[in-house]
Structure formats: structure tokens, C-alpha cells
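What follows is a pair of complexes built around chain A, which joins chain B in one and chain C in the other.
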Partner chain A sequence: MLSRRTSYLLLLPAAAIYGGLFVAAAVYFFMLSFWSVRSYRVVPDFTLGNYVKTFTTHLGSGEKTLLIAFVIATAATVLGFYYAWIIRFRAGRWAPALLFIALITLFGGYLMKIYAWKTMLGSDGAVNSALIAAGLITQPFEALIYSPTAVIITLTHFLLPFAILPMVAALRGIGDAEIESARDLGAGSWPVLRDVIIPRARTGIMASFALCFLISVGDYFTPLLVGGKMAMVGQLIAPQFGTYFNWPLGSAMSFGILAVSLVILGLVNAGLSLVGRQ
Partner chain B sequence: MKARTLLERAAAILFVAVLLSPLLLVVLFAFSSKAISNFPIPGWTLRWFREMLAFEPFPTALSNSLLVGVSVGILSAIIGTMTALGLACLPRREAQIAMLALALPLMLPPLFLAVMLLVWFLFLGLTLGLKTVILAHLLFTLPFVVVVLYSRLSSFDFRIIEAARDLGASPWRAFADAMLPVIMPVVIGAALMAVALSIDDFILTSFVIGGGNTLPMLVMSTLRTSVTPMTNAIGTMLISLSIVSTLIALYLTRYRG
Partner chain C sequence: MRVFQGSSLPVLSRRELLKMTVAGAAVSAFAGGALAKTQVNWLGWQGYDSPLKTEDFLAKNDIELAATYLANNDEIVTKLAAQAPIDIVTPYMGYVPGLREAGLIQPIDASKVPNLDKVLPVFRNDSNLFVDGVHWSVPFTWGGGPMVYDPSAVQPTSWFDLEKPEYKGKIAMFDDAVGMMLTASIMVSGAEVASLVTPAQLEEIKKYCIKLKKEHARALFPSYGEGADAMVRGEVVMTLGGAEWLPAIVAEKKKLAYTYPKEGCFGFIDSYVIPKSAPNPDLAHKMANHMLTVPAQLDLTKNNYAVSTQEAMDALTGPAATMYPYKDMPSFEKLCKFFPMAPSESDGKVASWPEWLAAWQEVLAA
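And now, the complex of A and B:
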């Protein structure tokens, strides 16, 4: 084994990247939210004006964003839990293959998945043309694309692998013996799920939900490409760093929505901890 | 009981189909002779790939993607190995806390991380370009690489190193001759994971690249102008690069979530 000093030396490059690129950037970004812009220049200042503006002018789009993110995170977590549950308890020798598929789709294709849904959901896209070819419909569904539904479908699909993996890890930690003993005491499948599996997998479920929720809250390109006229917070934040050139406001919007998101995640966690504990 | 098993099997098949089909359709329509991506497909062609090769910004975008991907892979392999080795010598609890902290950038919405890095790079006076893209990518590839390598090192028999040291090897030689050959497949696998993540990244890249192009940036620019199946051809290229890297990485690291 190495001495403690050598091991600290080995950690130095990672610490430099983490400190110099992430911690320092985050501190600077946070300070920016209290600064102001005068004649296209960022001026060090101390004002809460950016936060006031965030929580007054942009409240509506913030609410809509949080609602959509909540729907997406819930859908991805529920579907992901079902998939992880199949992998852990039902798939048998197919389990490694199912896990493998979740892993490959995790690493590839953020933009390609948005593009795929954009072409598939369009009025002359694959979904409509397949439904027409199958004789199920005669007129294409126009409402599929450029709508909140399209954003929800696209992001839920993109986030599903992110939701699956933490829950597979969590369900792996539950021994067969625990479930067997609950069964022996007369519990059916639903009580076993509610009283044993969900409470024991809570950390994993929460990790999945939080990851999906935060990524959805800040997503920008999905609503831009398939959301049509709807505006999520990301579409208001991004231009502050380009065309509008208002970094302080962009920063305050980011921290504002992040703070509200963390409160919501805290509430979800509290709600989840009630399951199976009454 | 029988009906339930059948239902679960159907659900599993549906899940797999939904997870894979969007990407498979992108690839499928890249070979369709029709200019619109839908069914029925009248015939097969390589025309869109020929158009892609003749597309003026394509070679630069490809070489930029590869340059950034390979640099990120090599840097995160070196720094990741150092970090994992350093962490392996700390108490388990401390190492886990350090890895959790290292993963914090992944828990932020990618857009926030992107604009945060953009203003920080500009504050530092760095010129935006491929170098800032590489730095930004390191921030989110390192946590993956470190976690994978740390879990390999926690089952590594450090007595081999002690034996080499007892026989007079310098710390560096002990590492290079006794440890590196054993952990090399996992190091390469973890580096390929970083390559896949880097090549696929679009959000961070689009904010910190300044003016240049990468494959995802090129896809985005065709989406803004005119979509033809050439976009599918570029996408097929992009998906193949990241999925092939991922497959080799999963094989070498035996990483399963």
C-alpha cells in the first residue's frame, strides 16, 4: 500500500480539475446572480433584482417546466422500476441481456434520440405512416409532434436507462431471504412490494427520480426541437448567455429553478418514506 | 401465475423494442432511397452516405470529434488511474465520499453546467475551442472512469506490489510491471467509456466550443436548415462510434451498472 502522502499526491490532478473547473466555476456563477448588467457590461454589485425578476416575470414558465419535469421523472421512474424489477426477480437467465441493453442505450445518442422522435412523431413520420399502413387510422395525428406530449415522450425515453441503473443496483441489494420470509409470514405480492421492496430500494428510487427530474428541468434542446411553441426554463436561460447577454439574470434563473427543484425532491423523498411504514 | 409470466415477458420485449427502436430507425432510414423517413421503404441506397462524404464541413467535424474523444479518453485514463489508485489507499468510507463529490457535476442539469463553464472559461480569458471542450468533457467522464477503476482496484491483490518493492523495484517500476498489466484491460475499457460519452456530448460542446464543429454539432446544423436522410447517415456514423466504444468498454471492464 502507498503512504497517505503519496495517495494525496495521486489525487492532485483530479482535485485540480474538480476544484478549478467545477467548484470555482460554481462559486463564480453563484456570485454572478447578484451582479447586474449596465450598458452590455457585467458589473460586480449586490442586488436581489435578478431573483425578483426570476420569481415574478418568469414564474409561469417555471411552473410549467417543473410540472413537465415531474411527469417525466415519475414516468421514467415507474417504468424504470418495473424494468429493474423484471431484471432482478423475473428475467432469470435473460437478466444480463436486459441490463446490457439498458447500458448501451445509456451511453449513446442524446441528440440522435431527439432527432429520431422528431422524425417518428411527425405527420409524415414513421409512427403515423405505420399506423396508416396498418389501417388503424386514415388521417395522421398532427398533435404528436411540437407539443408537451412530444417532449414528455422524448425525454422519458432518453432518461429510462438513467432511471433503470440505480434501481437495478438497489434491488440487487435486497436478498431473496428477506422476500421469502415476508412471503412465509403470509404477505402477497403487493404487500411484499410495498412493505419490503420499495422501502429497501428507496435510495435507488430517489436517485433515479432526482436524476431524471433535474435533467428534465434543465433540458433545452428537447423542447426546442420537438416542443413547438411551449417554452421551458432552459429556453429562457440559454439566450441570456447568447443573444440577450444577461449572465446575471441567467444565473439567477438557474439557481432559482434549482432551489425550487431541490425543495420538490425533498418533498418527494418525504412522501416516499411514508410507503410501507404506516 | 401463467398469465402474469406472459404479461411480464411481453412487457420486457416491449421495453427492449422501445429502448432500441428510435436509434435503429435512424440507422434504417439512412439506407432508404426515399427522402422522407417513413414507411414503406421503396428501396435501399448508399446515396446519403456518399452525400455525407461530399458534405463540405463533414471531414473537419469527424476529425474534431475523434480528436476530442481520443484526448478525453487518454487524459481521463491517466488521471482516472491516478485518482482510483489514490482512493484505493484511503479508508473505504472516505473514498466513497470523494467519488460522490466527484459525481456532483453529473447531477446538475447539463445546460446549467454548460453555461457555468462558459462564463468561467470567458472569465479566465481562455479562448473557446477544442481545448475548452476537452476540459469540459473531463469533468463528466472522470467520475465514470474513477468508479470503474476503483471497483477493479478494490479486488486487486496489493501484496504483488509489496513483493515487487521488497525485491528492489522502485514505486514506479512496481506499478508499471506488476500492477499496470493486470488492470490494463479495465483502464482501456474505462477510457473507451469516456470516448463514447465525449463523442456523444452535444450540450456542453455547443456552449464551450466557440466556433468549431463536431459530429453532433453538424447534426444540429442540418436539423436547423434542411433535413434529408444525410442527417441519418451522419447520425449512423455517430451512433456507431459511440456504441462500438461502449460495447468494447463493457466487454473489457465487465461493468454492469
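And now, the complex of A and C:
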């Protein structure tokens, strides 16, 4: 057995990397969010102006971003839960194969997936061609691409493995005896799901939702390529650190959207904890 | 301790090996010193350093090129303001007056850049770059912001053709603050210089961009290439802004064309500029002069950039010869204007560059 001191010592390298590359950078950017820019120079200051601008000028795009991210995270979590449930309770000896299929999609690059969907959803893409061939439409359905729908479809597909993995881990922690006990006591499928499986897998569900939600909120490349005229907040933050050279405003926008995202995650967690509570 | 024990190798002691290593290092240091190259720090757009590698120019002049690529023009301002030891920068011509007024760049010694005389006067004598008989930069490439269109679907002559109802949802805009807002300014602001507008005019420009985006655009494409792809697929037939090289890059897939609409376009000139704090100004002048040689100019066309000297234009062959309007430069001069940048800070009368960017953010978010 490792002593407690040795355990802490072994944590040091990871803590140093986390502290240096994430915590220190986050503290620096938080400080910067109160500074200002004059004549292309970042000037130390203490102004709330950047936050005021974030929650006034950029409120609309922030709301749109959070709504789209919420839809994506919900879709990915629900689909991921169903997939993980099949792996845990239905697939039997095929479970490792199904898990492998989910994992292997992670090897396909992020950009590759965006371009794949761009090709499929385009006017002459596979989806429109199939719909026309089936006689369901006569003209290509143009709202499929360059729209929020395209962003939701593309990001849900990209994030699905991230939703599945924590859920599989969580569902594996539920013993067969727990479910059988519930059934022995007369619980049907829905009560078992509501009163046993979801409460027991809540950590995994929440981890999946949080991962998908936060990645979607911060993503700016997918809406740029398939979103058409819409802009998610990441698209407005990214150029602040480049073309616009307004790091303080970019930092304030980042911390602003992060704060609201954490509040939403808190509410979702609270809502989830009510499931199955008598 | 012996370090080599093989039968065919000489046997050396550690001390002997150490001596040889020290002697070797001394010889290389001496030889290195005698053949020392001068490091020239270059800050510019990727591809604008490539012509310096033609004709063995760097080796012949013992130059070690330390190239740093730009993400945006403002980087030039911030780095020069910080007195960074940079020998050459390649700003958009609109930034040159600001750099000059801030005392961040030095005048070009034209006697050290004899090839400057070969540059077409429209670029060489542009008022952003040539002030009171003094050259502040060495122009080497240029271009305009034309409308690119699908000739099988439309024959536009005016920017306002974008508003025709039959092309609703068939026009491309780009995530390019300068290109979109300047073109919109030419269309609706009524300002004499499209980049120098009042805050009220800027508001008009913003509203017009939002209207075009919401009512007419198919999408705001992240790059010209993405827009060209959409034109190939038939999703888009006209663009607000664009580049002369766009039709050429998709020529095998679809015939596209470009035009300078009658209201006019913005143009750009990119040039070599020597900072006041340049550690090697003589070499910087030499490099600027080399950029205007025919081989260097022709090298630019590999990346679809335009050439700026008459002798390079005459030497062009193949698709590069027709990519830009070399045969009709008077039309280009008449319709494309080289606007200075908006001021960095507002005086209440002329909208500042940060105000332009903030307006563009509102367009994006709308």
C-alpha cells in the first residue's frame, strides 16, 4: 500500500500540468477580463465594461448558443443512454463489439465529420437525393445545410461517443440483483428505469450531458462551416483573440458564457436528482 | 576508460576523445564565425516569403531568414510598438499611414531598391504608400474585392443585383469584416472615402449588411474557397466581395467569372515595409528589391498572387496570365480604390476601426 504522502507526491506531476496549463491560464484570463484595450495595447484596468458588453451586445447570440447546445447535449445524452443501455442490458456477448464501434468513431477527425455531414446535407447530398428518390420531396430541402439543424445534427454525431462512454461506465455499476429485486417487488420497465437505473446512473448521465453541453457551447468551427448565417458565441469570441485584438472582451465573453453554462448544468443536475424521488 | 574497443578502430582514451571533441568544436566555431549568416527577422503573410528563396538569393547574401507568419495585420502594429527587432513586415497598405504617423517605420531609400521603378505607378505611387515624394513601402502584390458570379445564371453589373428577388438565398457573404463592410460602404454610405465614415454612416452600413445577410444570403462562408465550392454546387450564384483568383481555382469543375461592379470595389496592395527598429535595414532593402525581380514575382503566382511590375506581367504564361486584369489595368484603376484604414481611436466624427469591428460582430450575431 502506498502511504498517503506518496500518493499525494504521485499526484504532483499531473497537478503541476493542470495548475500551470489550466488554472494559471484561467486566472490570467479572468484578470484580463477586467482590463481594457487602447491603441492596440492591453492596458491594466478595473472595468466591468467588458462584462456589460457581453451581457448586452452579445446577449442574443449567447442565448441562441445555449439553446442549441442544450438541444445537442440532450439529444446526445438520450441517444447515448439508449446505446449504453443496450450495451449493458441487451447486447450480451456483442457488448464489447458495440462499445468498440462507438469508440472507433473517435478516430475519425472532427473536421472530417463536419465535412462528411456537409456533403450529406448539401443540396445534392445523400440525404436530399434519398428524399427525392423516395418521392418525399421534389426539390432539395435547403434548410438541411447552412442552418441550426445542420449544426445540431453534426455536433450530436460528433459528441455521441463522449456521451456513451461515461454512461456505459455508470450502467456497469448497477448490479443485476438491484434490477431483479425491483422486478420482484412488482416494478415494471418504466419504474425500474425511473427509480433504479436513472438514479444509479445519474453521475454518468450528468457527466455525458456536461461534456456534450460544454463542448457545444465552446464550439465555433461547426457553425462556421455548416451553420450558414447563424453565429454561436464561440465565433464571436475567437476573433477577439486574433483579428479584433480585444483579449479583455474575449476573456469576459468566455467567463460570462462559462458562468451561465455552469448555472444551467447545476439546474439540470438538480432536475435529474428529482427523477425517481418518491 | 577506453571508449572504442573494436579491432579495426583506433583505441582512444576518454581524455584523448575529450581533446578531439574540444578541438573539433573550436574549429567548427571558428569556421561558423567566418561563414556566419545574418539573421533577418521577417513578419508577414504566409507565402510572401517564398519569392525570397528564388535565384538562391538568401544563400548568396548570407541571409538566414527567420520568418514569422501573421494571423492579422494588427499584430504588426503591436509588435512594432513593442520595438521588436523585426527587419521586414508586410502590412495591408491601409495600415501604412498609421505606422508612418506613429513613427514605427522608416522611409524606403529608393536608391537601394532600383526595381521599385518597375512597379506600375498605380501601386508605387498610391497615396497610402508614397507621401511628399517619399516611398514608405515597396509594393509587390495587389488585388481587388470583385463580385464573383456564375455566368450561366447571372450577368451582374451592379452590386445591387444582389438584391434582385430572383437571387434571394443565392448570394454568398464571407466572414470578412473588411471585405464585407467596405463593399457595403461603397454601396450605401455615400462617403467619399469608403473607410472614413461617420458613426451614423457606419450604422447604415451595418444595417445594410444585416439586411443582405438575413434576406438574401445563403450563408456567411468562412473562406472564399468555401464560397466557391457552394458556387460549384449551384447553391450560390453571386458573391458580396471575393477575389480575382476564385474562378481559376474551380475552373475544372465549373466556369465562374468575376467583375468589378459599376459602383466600384476596394483594392489592396501588399508591400514590404521596413520598421524603424530594423536591425538590418540594408539587407531589408536588398530583400525588397529582390521581391520585384521577375523570378520572385513569378514565384508569387504559384500561390495565386498578382504580380506588380510590367516585366513580370509580360513574362506570365498559362492561367496566371489571365487570373488578374493585367490586360485592362485602366479599368481596374478606375473602379478599385485603395482605402486607408479607419483610425484606431474615434474622435466622434470618423468611426474608428474598433467601431467597425464591433459593428461587424453585430452583423454576425444578427
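We take it that the second predicted complex is superposed on the first by the 256 of 278 C-alpha atoms of A that agree within 3 Å, B and C clash if a C-alpha of one lies under 4 Å from a C-alpha of the other, contacts with A are read in each partner's own complex, and residues count from 1 in each chain.
As a convention for this text, contacts are C-beta pairs under 8 Å (C-beta built on N, C-alpha and C of every residue); 3 or more make two chains touch, one makes a residue touch a chain.
Values in this document were obtained by computation on a predicted structure and should not be read as measured data.
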Quiz item: Touching A:Trp94, do we find chain B (first), chain C (second), both, or neither?
Solution: first
Quiz item: Which of the two partners, first being chain B and second being chain C, lies in contact with A:Ser61: first, second, both, or neither?
Solution: second
Quiz item: Who does A:Ile174 touch here: chain B (first), chain C (second), both, or neither?
Solution: neither
Quiz item: Thinking of the overlay built on chain A, is A:Tyr244 touched by chain B (first), by chain C (second), by both, or by neither?
Solution: second
Quiz item: What's your read, chain B or chain C touching more residues of chain A?
Solution: B
Quiz item: Thinking of the overlay built on chain A, is A:Val260 touched by chain B (first), by chain C (second), by both, or by neither?
Solution: neither
Self-check item: Which superposed partner A:Gly228 touches (first chain B, second chain C, both, neither)
Solution: second
Self-check item: First, second, both or neither for A:Arg41, with chain B first and chain C second
Solution: second
Quiz item: So, A:Ala102: does it touch chain B (first), chain C (second), both, or neither?
Solution: first
Quiz item: Touching A:Tyr146, do we find chain B (first), chain C (second), both, or neither?
Solution: second
Quiz item: Shared contact residues on chain A for chain B and chain C?
Solution: 124, 225
Quiz item: For chain C, which residues count as touching chain A in their complex?
Solution: 71-72, 74-75, 77-78, 81, 169, 175, 177, 213-214, 217-220, 222, 226, 233-235, 344-345, 354, 357-358, 361-362, 364-365
Practice problem: Note which residues of chain A are touching chain B in the complex, please. | Solution: 1-2, 4, 6-11, 13-14, 17-18, 21-22, 24-26, 28-29, 32, 79, 82-83, 86, 90-91, 94, 96, 98-105, 107-113, 115-120, 124-126, 128-130, 133, 157, 160-161, 165, 168-169, 210-211, 214-215, 217-221, 225, 234, 237-238, 240-241, 247, 250-251, 254, 258
Self-check item: chain A residues touching chain C - in the complex, by the definition given at the top
Solution: 37-41, 57-58, 60-61, 122-124, 142, 146, 224-225, 227-229, 231, 235-236, 242-246
Quiz item: Any idea which chain B residues touch chain A in the complex?
Solution: 5, 8, 11-12, 15-16, 18-20, 22-23, 25-26, 29, 36-40, 79-80, 82-83, 85-87, 89-90, 98, 101-102, 104-105, 107-112, 115-120, 123, 135-136, 138-139, 142, 146, 158, 161-162, 171, 193, 196-197, 200-203, 207, 216, 219-220, 223, 227, 231, 235, 238-239, 242-243, 245-247, 250, 255-257
